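Got a structure here, written out as structure tokens. Questions coming.
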Amino acid sequence: MAKIPVAVLGATGAVGQHFVRLLADHPWFEIVALAASDRSEGRPYKEACSWVIAGDMPAAVRDMVVVRPAPPLPARLAFSALPVPAAREVEPAFAQAGYAVCSNTAAFRYDPDVPLVIPEVNADHLSLIEGQRARRGWPGFIVTSPNCTTTGLVMAVKPLDVDFGLRKVFVATMQALSGAGYPGIPSLDIMDNVVPYIGGEEEKMERETRLLLGQVASGQRSEAAITISAQTNRVPVLDGHTLCVSAGFERPPSPEEAVQVLQQFRGPSSVSDLPSAPQAPLVVRHENDRPQPRRDRDVQDGMVVSVGRVRKCPLLDLRMVVVVHNTRRGAAGGALLNAELLVKQGLVA
Amino acid sequence: MAKIPVAVLGATGAVGQHFVRLLADHPWFEIVALAASDRSEGRPYKEACSWVIAGDMPAAVRDMVVVRPAPPLPARLAFSALPVPAAREVEPAFAQAGYAVCSNTAAFRYDPDVPLVIPEVNADHLSLIEGQRARRGWPGFIVTSPNCTTTGLVMAVKPLDVDFGLRKVFVATMQALSGAGYPGIPSLDIMDNVVPYIGGEEEKMERETRLLLGQVASGQRSEAAITISAQTNRVPVLDGHTLCVSAGFERPPSPEEAVQVLQQFRGPSSVSDLPSAPQAPLVVRHENDRPQPRRDRDVQDGMVVSVGRVRKCPLLDLRMVVVVHNTRRGAAGGALLNAELLVKQGLVA
Amino acid sequence: MAKIPVAVLGATGAVGQHFVRLLADHPWFEIVALAASDRSEGRPYKEACSWVIAGDMPAAVRDMVVVRPAPPLPARLAFSALPVPAAREVEPAFAQAGYAVCSNTAAFRYDPDVPLVIPEVNADHLSLIEGQRARRGWPGFIVTSPNCTTTGLVMAVKPLDVDFGLRKVFVATMQALSGAGYPGIPSLDIMDNVVPYIGGEEEKMERETRLLLGQVASGQRSEAAITISAQTNRVPVLDGHTLCVSAGFERPPSPEEAVQVLQQFRGPSSVSDLPSAPQAPLVVRHENDRPQPRRDRDVQDGMVVSVGRVRKCPLLDLRMVVVVHNTRRGAAGGALLNAELLVKQGLVA
Amino acid sequence: MAKIPVAVLGATGAVGQHFVRLLADHPWFEIVALAASDRSEGRPYKEACSWVIAGDMPAAVRDMVVVRPAPPLPARLAFSALPVPAAREVEPAFAQAGYAVCSNTAAFRYDPDVPLVIPEVNADHLSLIEGQRARRGWPGFIVTSPNCTTTGLVMAVKPLDVDFGLRKVFVATMQALSGAGYPGIPSLDIMDNVVPYIGGEEEKMERETRLLLGQVASGQRSEAAITISAQTNRVPVLDGHTLCVSAGFERPPSPEEAVQVLQQFRGPSSVSDLPSAPQAPLVVRHENDRPQPRRDRDVQDGMVVSVGRVRKCPLLDLRMVVVVHNTRRGAAGGALLNAELLVKQGLVA
């Protein structure tokens, strides 16, 4: 089977580089265009891009000339890692021109007809695409993936929500440096330190969680009736966000019941055999000091979310600790999994 | 006035060294004895002690010969930084022999007749001493100071409890390496990492908070009716614990009211002019990314607790961030302040 | 072909764990025995061993019961990661009992009839084995691999020595935490710090370099006539030692000539197709700020040494920067490559 | 005595902030003007300046309005922390207008009539000022202080040069993050890493060392005949540069002789009673693992350079380790000490 030609929009930034790395050996997709802002346009990728992520730049893209992020491009699907202001212009232009756009930006996450999707959690939200196309008159469409921290939280609570009815969540995060992009956080700000603030992050977590756990019916999305209080912090960790979660339920489970449900969680069968999907999306650790970001972030190339310390909470029902790889499952890997699901569902022309 | 001769029990450990440093230039106290376990006994302090804290060992103690931690010692007050098993034997022996013991260990913190005290918070709990002496037949007595993390939490919520009636607390901590003593946490465990577990810490915080905010009446101590859920984590920070707090009240204040009460908080007048007492025990930061452990831990030699990000909570009433210097206010400095209060109240013979 | 049964001596320590990890999927070797000191004996490996390295413990060894490090064991080759005092007793016992011993300890590194080998550098030193067996009356033998830092230095200067005659080396190191084993360096000693001392390391580097670059003729090993000055430092890096090297030669090359020789360096053909051998043992970086330990330590599973900043030196002839993965090429991986070479040369019965 | 009114040029950058902090309580100087580039002009310092150094911004400057860095200013002396391009224009303008300029930039460090001075090392170089004024027709003048790393090296080798005749120096550095200013090094570049390159630093060290140790005679400065090879590295340390030094001498001392000379080193008497001068500029550590940047950078407010591990070198004569506080002695503190010396010598009108 010929590979599907894809473009990366915003290819020179940190998330764009993660897309490039993940796509370099992908069984279904082949990069045919790298697009970025004017300053990079016309230069070979190896010169336009200061490669800041692990490993060397894949050989196949080194000499590819960076193009302007505008249609037409010789691709059928576009991954977007653009900054929000650029994304607001560029992503609709591609959808308008017939492309499938898998976006990792926040530009359209909250639009009611744009699916915000984690395949194992709410693959059915893709049904919003039909209305999106109809309403906007687009031959193509936009699908978005959530904020990195939200991804970890929602994957960990989804199976519990299904079985026990999630109602309240306290979450305090300890987030990795790579979540701020590059150059991101100055070393003088974070070495031997914690910064107890990440702009907009708490609001994103509180809102996106309700969207992801909400229902889509008759082409309408409703938010889940869950109250969430998030406190977000930056810590001196390179990759991997850690979340301390307390959760309250309609039908409170025991820790043992919760662990069993978490361990048995699988995505829908249409998801579990996608190339980037892990066999099981969650792993439950039983050691009392796990999960830890450095030791648990790389499970199955960072696509698995680790959960541990599942125990009773004096205030709500359960406490637990969650680790998610923020640039893999929480960013480029999550958007890639969305793209694979779109292909599987026949939504990429 | 002649200085009061004091002993440091457990003088060679990390907290013991902090006592030694703080006492080196103290206006009221003078170190006359350094005591530690058998291995150190009989050796000059400079040889028995591997000095691991900032600055050089004070000249006055370098050649002092380490003695066995047992009475009699030529002191009237003993600061204890002993390990818990040793403290269980040694602290009562000194109280029995007529000494005032200011302990930073957990050995007797939960005994109903042993005061657990932060001077600005519950100086009145010292009234338990009378019953302690009577019941145990001791001419001396034991006073304890709380766990480092609890100290930060309780100092920050005390003024709010007084005015608004604290009922529920959710707290997630990011704790410094020095809280684990020396050698403490291996660098291979914590560099580029978070360890989401500190043995016994969550239980200590939940219990000690209720004791510190409880009432003493007719020689009896009752625990405060507050429900607390703590999640404790170790992060790669040298000194200074950071706490993300959500609090629920009987009469919920607005963030502005809470800030005003926090800023106006002063200890009782008997406390505020003690040598180690800061003018105001709390400082409220107004920047959206403060307090931070590295930038806020050293205010007034680490005796001030910093509070910031006071804002509404979707689940309880208020959220805020607290930073406390764990080895100063949270350990040796806190116990020293207790000792100063004892002297002021005429309880050190 | 049936795999060769091997034992790991000192299997519960950090280097032992690296052996276990590398051997888990090895095409030629199969772990049949895990041996460690008395405290671990008789317990399943998963309980006896606190797994401190990346990834989970391989499933195949989790339930293997740890045995005493003494012959007989159902293996033909033993990898030794024992502490030096234990190695002095145990390694000869295995050689005496007919086993091939590949040791990563310093116990016998300096014995004149014990080969100290890096396959690409001095595979011919294995000829010492014959005399070792004859002199000691052993059916088996001991082969050793060098200190981690020396490995990086010698691999980088070997090709220059061959072509230009190395005479003087000045080397200052910045060494990773994992080089000190586990628990190793307390975080309170190394966070936001450098420790400019590693016990015995400078002497090891100066001596082992002369041995590795020396000649073996008629069963006698002579040290190379090279003067070396080493300064070794511990820095807050998890894995990967960085070396700043200045070198003086009999026939000084230009930086361009040196780069060419480094790039073209290959081990003997008997080495380059061993399972753990990288295609080229050295990689030369051309960016002015590389190699860096985090970004270059993992090339080809850490078996490649990276060299960069090759430039003139005002005092000697050339300066350069070298990065070596200390626990892979510099420890377990190096000893494993030695074992593969022994098999290839028919020295493992 | 009325304080001397001073201006800080480049007051909003990191070095400028250090000047502001050091001058806040200075016995001789009083800040009357804070100058910075156009973007800051006209705004209160507290708004124009993002305060990134330890402690809070001094109250006295918070509301001072930032002015343009051009004469006239109501000061007699100007401290310059300007970027090099700005310094090339601004510093001569102030000298031309009659001000004494104490510069911490590299703009004029290498001009033959501009003194490059460390007071304890070469106070006599101030005699170049006379020629500078005559040649340039300036009523004022410029005096410069060296690069931070050079300052540490030169202070440590100066006494040895005087007694034993320094001829050759190898130096490898491990430099702190604050040396790169703010925002400086991205945390993603330096956490768990070493960057073996600092642009221009090796050339600066090699050249400035020869200038500082050179002679001034008849108004002419000659470079010292010393060959220096520097290798500079950035490491994850907040403050304090560490240097591994090997030195060769005309009359090689024993380590014991060297230690004695280092310990006895004092600046000229005109220097040692300046307000910012430490009693002894050097401290020699005798522990085998000192000096360390975190534990030794703050001696006497960072104005003392620490030396340790003085021992024989197999290649040259002596090896040693040096720690210097890069932003104190190595930057703002060094320039301030120069200013104090100028006042003492009657050179500030």
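Before moving on, here are some points about what is shown:
For clarity, chains are labelled A, B, C and D in written order, and residue numbers in each chain start from 1.
Methods note: a residue touches a chain if its C-beta (ideal position, glycine included) is under 8 Å from a C-beta of that chain, and two chains touch if they have at least 3 such contacts.
Just so you know, these numbers come straight off a predicted model, no measurement behind them.
Any chain bridging chain A and chain D, meaning touching each of them, is among B, C; the list is complete.
Most remote chain with respect to chain D, judged by CA-atom centres, is A. Of the two chain pairs shown, A-C and C-D, the one joined by more C-beta contacts is C-D.
Centroids of chain A and chain C (each the mean of its C-alpha atoms) stand 41 Å apart. Chain B and chain C have Cα centroids separated by 48 Å.
One finds 43 Å separating the Cα centroids of chain C and chain D. Within chain B, contacts with two or more other chains are made by residues 191-192, 236, 238, 295. In the complex of the two chains, the chain D residues touching chain C come out as 168, 170, 172, 174, 191-197, 206, 227-229, 231, 233, 235-238, 242, 244, 246, 288-295, 308-309, 313-316, 319, 321.
The part of chain D that touches chain A in the complex is made up of residues 52, 177-178, 182-192, 236, 238.
Residue ranges on chain B touching chain D, taken from their complex, read 54-55, 191-192, 295, 298.
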